[in-house]
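Chains: A, B, C, D, E and F, in written order; residue numbering restarts at 1 for each.
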Amino acid sequence: MPVITITLIEGYEADFKSSLCKTLGNVAKTYTGAPPDGVTVMVNEVKAENYMRAGLHRQTGPPPLDARDIVKTFLTAMQQSDLDASKKYLHENFEMTFPGSVTMQRLEELIDWAKHRYQSIGKQYERFDRVFEEENSIVYCYGTLEGKWLDGSSFSGIRFIDRFVVQDGKLLNQQVWNDLAETRT
Amino acid sequence: MPVITITLIEGYEADFKSSLCKTLGNVAKTYTGAPPDGVTVMVNEVKAENYMRAGLHRQTGPPPLDARDIVKTFLTAMQQSDLDASKKYLHENFEMTFPGSVTMQRLEELIDWAKHRYQSIGKQYERFDRVFEEENSIVYCYGTLEGKWLDGSSFSGIRFIDRFVVQDGKLLNQQVWNDLAETRT
Amino acid sequence: MPVITITLIEGYEADFKSSLCKTLGNVAKTYTGAPPDGVTVMVNEVKAENYMRAGLHRQTGPPPLDARDIVKTFLTAMQQSDLDASKKYLHENFEMTFPGSVTMQRLEELIDWAKHRYQSIGKQYERFDRVFEEENSIVYCYGTLEGKWLDGSSFSGIRFIDRFVVQDGKLLNQQVWNDLAETRT
Amino acid sequence: MPVITITLIEGYEADFKSSLCKTLGNVAKTYTGAPPDGVTVMVNEVKAENYMRAGLHRQTGPPPLDARDIVKTFLTAMQQSDLDASKKYLHENFEMTFPGSVTMQRLEELIDWAKHRYQSIGKQYERFDRVFEEENSIVYCYGTLEGKWLDGSSFSGIRFIDRFVVQDGKLLNQQVWNDLAETRT
Amino acid sequence: MPVITITLIEGYEADFKSSLCKTLGNVAKTYTGAPPDGVTVMVNEVKAENYMRAGLHRQTGPPPLDARDIVKTFLTAMQQSDLDASKKYLHENFEMTFPGSVTMQRLEELIDWAKHRYQSIGKQYERFDRVFEEENSIVYCYGTLEGKWLDGSSFSGIRFIDRFVVQDGKLLNQQVWNDLAETRT
Amino acid sequence: MPVITITLIEGYEADFKSSLCKTLGNVAKTYTGAPPDGVTVMVNEVKAENYMRAGLHRQTGPPPLDARDIVKTFLTAMQQSDLDASKKYLHENFEMTFPGSVTMQRLEELIDWAKHRYQSIGKQYERFDRVFEEENSIVYCYGTLEGKWLDGSSFSGIRFIDRFVVQDGKLLNQQVWNDLAETRT
């Protein structure tokens, strides 16, 4: 039964609108429990000259990046040990927490800390989830780790999960859990 | 700039509508990057007699429970070792995965497995996050564990995170990560 | 896919609105060929004080009678030989055409004409159909005739169809076809 | 007072939309008794990428043929004794009823039956009316017959009426009444 | 042709909404040149719980006073020489300009100035006009003056016009023109 | 909080729509006292083929001139002593009232009357205000006069105000107040 209309200034890509409709529909469906056929979402596009708020016409710029894509790009840069690229995605108040409640602010700290745990590590991602909040987006991703222990032996298939808080296109917070200790033991 | 109108058959509680508006607004704000003042959400309520789809009027029942509340109720029942109550929330295809990639289907298995890891355990929750999908809701919660090791010594402040897939009001899947092994080592 | 919203000043009965929605939905479905689930019709009711056209608020009176009901009431009065009641439903320009292209203006003419065809007659209605036009409504009804021939013998099950033009709640035109001649022969 | 908005995926012809608006307006005017100036109908066209139901974008194909045009095409083919063309318009459950309650399923039966009634026959149509139903469209047409009796003499101006039930673009039912017997007698 | 819908949180008086509709309709009619019957204005009222902007529900208080009524009340208090009441309507930056480009800030100055022009004065108002601006309302009123000259002789029917700028319910500016000098000469 | 949607047949210039939105927004803001950010105005443009009133599609011609522009053009023509051009803007019932309650119908009368007051006159405009009414537009303009007295001496900076009633693009009424007498004295 929910019929949603969202009015936007024209200019967004079809994929963007499709994803937006999908998400709005999922929200409405989840809240109301309506059957799929009962959920209709429509985008009403108006020219910028046909929309006025506070007495001013508005322009749309490119929409913000999907927080999941920001996270993915950061993770890829980290995987490639490209610290400069990685740092571009960090909020000035960035903080990360790793297993054992180890809290760090700088990527260099992380690298030092990791040296005592494994020679190398890589991530296979199973899934990225996004949570919509008023100020931030939260991204969860999980999958498995593979790499080499300090003694040179290999590991793989070790479960991990990351939780990121993304604000204004930057990572504000990263929390990491994994089964490395479980497995190492 | 996004102006969202959602038409609902009347009868929903104010809190429900407020939460729905908030979430729809968060989605629109996140997608478009509009400033807060630019996001308007309105609920257009119609009587059941004023709404017809496929030639039929529709009735609204009580909306489904928030998946976070389902998870919370389940976790409380588990905390209280109330297996009967806990099982009511399990989907017939329920599966859970615990640190070390231990996969189980039945709560009794979990209890047996846990006996070899700690005498008792409790959870302090920091936060519950909800992800909206077409068929399921996904709930993440994280916080810290406290309890007694097998040798009787106490532990607390050990980080954990759970990921639940909720379908039709039942838990379909639970995945657990925590720092127990990290700490125990 | 068609989503229809009709704004009405509040005050109409639920049955009226339901019938209106059904008809609008049937029209949209027929025109577009949309599947039933794709046709949504909503009535948006506004208070008279919230509606203004040409600078004036408007009031709704009781809606006009369904032209099919006008026809039914007329036919019932005719069946009961209640000429006074029947005449109340006739437009001042009423004209009727009977088998053999016999055209008459007054019910008395019809009665005289019928005297030479049968002693008595009654109608069993199978169905009433309504056609929506800008100025008029057109009503078709068909079914079977039963009665007594002039020689006193009985007849029944003889097919007939009537076509009425209804304007401003009055019958403007009636056309009658039937198998009486076919059967009598 | 009724203001109707119908949202359609864009792509329909102007004539199609004009006819749809006209019919929706006629329905609203007939139901409410509003004055002509009080009936406004607007088509709100959205791109397919701006419409989503059940999580899916929809495409519009060409709209179904007007049931009156289907009937006209069938009647023309019959007039031209083009049985093959005529049969294309018949539903597999087609049934027709002619004066005297003669019921037939196949056009060949009709031709045989007619041979005993007249040498040839043609129809002049005065009008086609369409009734909108949920599953079917009903078409009425009437006018006059002209042709040659079995004895070779001519006839013309004999009233007839046909009633067709059209389903999924095919004729499901035809009922025929006329004054042939009246006149022949 | 213009169809205007204004969505308001419910709670406004019928007279308020009627006046608002009238003014919006006049604006639309003046801009477009549409015939009266072509201008439709509808108020869509939503409960406060059904409206959210910037993530917050909004409440409506009593609407601001009509600037014409503020001017009228001020003028009445002045007529009654009630300086205390009159001053309540003055903005802290109030300035007034009288014939001869005499500019004053305080009502006492005006009274002193007037003492040299007439013994007493009163106003008959013919009309109040209101102009809508983004920050202010502008009110024009005109009519005739009557009173006594300094020599005790009477005058009446002398044309005047006032222009007021009203901001946040206070008079920011008053400009006065009249024919006193013309007549006095 | 007010959200205004105005549906127009497409074809208006961006400036026209912008001005219309601004004025509608100012009206809504003034009536409700909403903060600027709370006032949204949207133009919903439909093709002529998508709009039907009273069963007819409508066309939009060029919108009427802004009454302020009509007044400005008239005043410019008067300033240039172009009587023929000036007269084109006069309604057949035009009447003007000048200081001293002098009422005239023809521009020639005005010129004769003025000859006895000054040799020449010009206007500097400070501002034009427009009032929206159902049938007419009212325009106020004010500023200062400059010119030569009958004795050849110059004057300038003398305040004036004009009030015009504009109907169907013509001036129906002009009222003039100024400080000429005040200054001359």
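Rule of thumb we're sticking to: contacts are C-beta pairs under 8 Å (C-beta built on N, C-alpha and C of every residue); 3 or more make two chains touch, one makes a residue touch a chain.
Being a predicted model, the structure only gives us computed values, none of them experimental.
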item	value
Chains touching both subunit C and subunit F	A, B, D, E
Superposition of subunit D upon subunit E: rotation angle, C-alpha, nearest 5 degrees	180
Most widely separated chain from subunit A, with each centre as the mean of CA atoms	C
Reference interface E-F: repeating pair among C-D, D-E or A-C with over half of contacts shared	C-D
Selected interface, A-C versus A-B, where C-beta contact pairs are more numerous	A-B
Maximum centroid distance from subunit F, chain identifier (CA atoms)	B
Centroid spacing, where centroids are CA-atom means, of subunit D and subunit F in whole angstrom	57
Interface hub residues of subunit E, defined as touching at least two other chains	3, 7, 22, 25-26, 36-37, 40, 42, 44, 51, 53-55, 134
Every chain pair in contact, whichever chains are involved	A-B, A-C, A-D, A-F, B-C, B-E, B-F, C-D, C-E, D-E, D-F, E-F
Residue numbers on subunit F that touch subunit A, as the complex places them	14, 17-18, 21-22, 25-26, 36-37, 39-45
Subunit B-touching residues of subunit E, taken from the complex the two chains share	7, 44, 46-47, 49-55, 57
Touching residues (chain side subunit A, partner subunit C) in the complex	3, 37, 40, 42
For the subunit D and subunit C complex, residues of the former touching the latter	1-9, 16, 19-20, 22-33, 36-38, 51, 53-54, 58, 60-61, 63-64, 67, 97, 99-101, 129-134, 137-138, 140, 142, 157, 159-161, 163, 175, 177-185
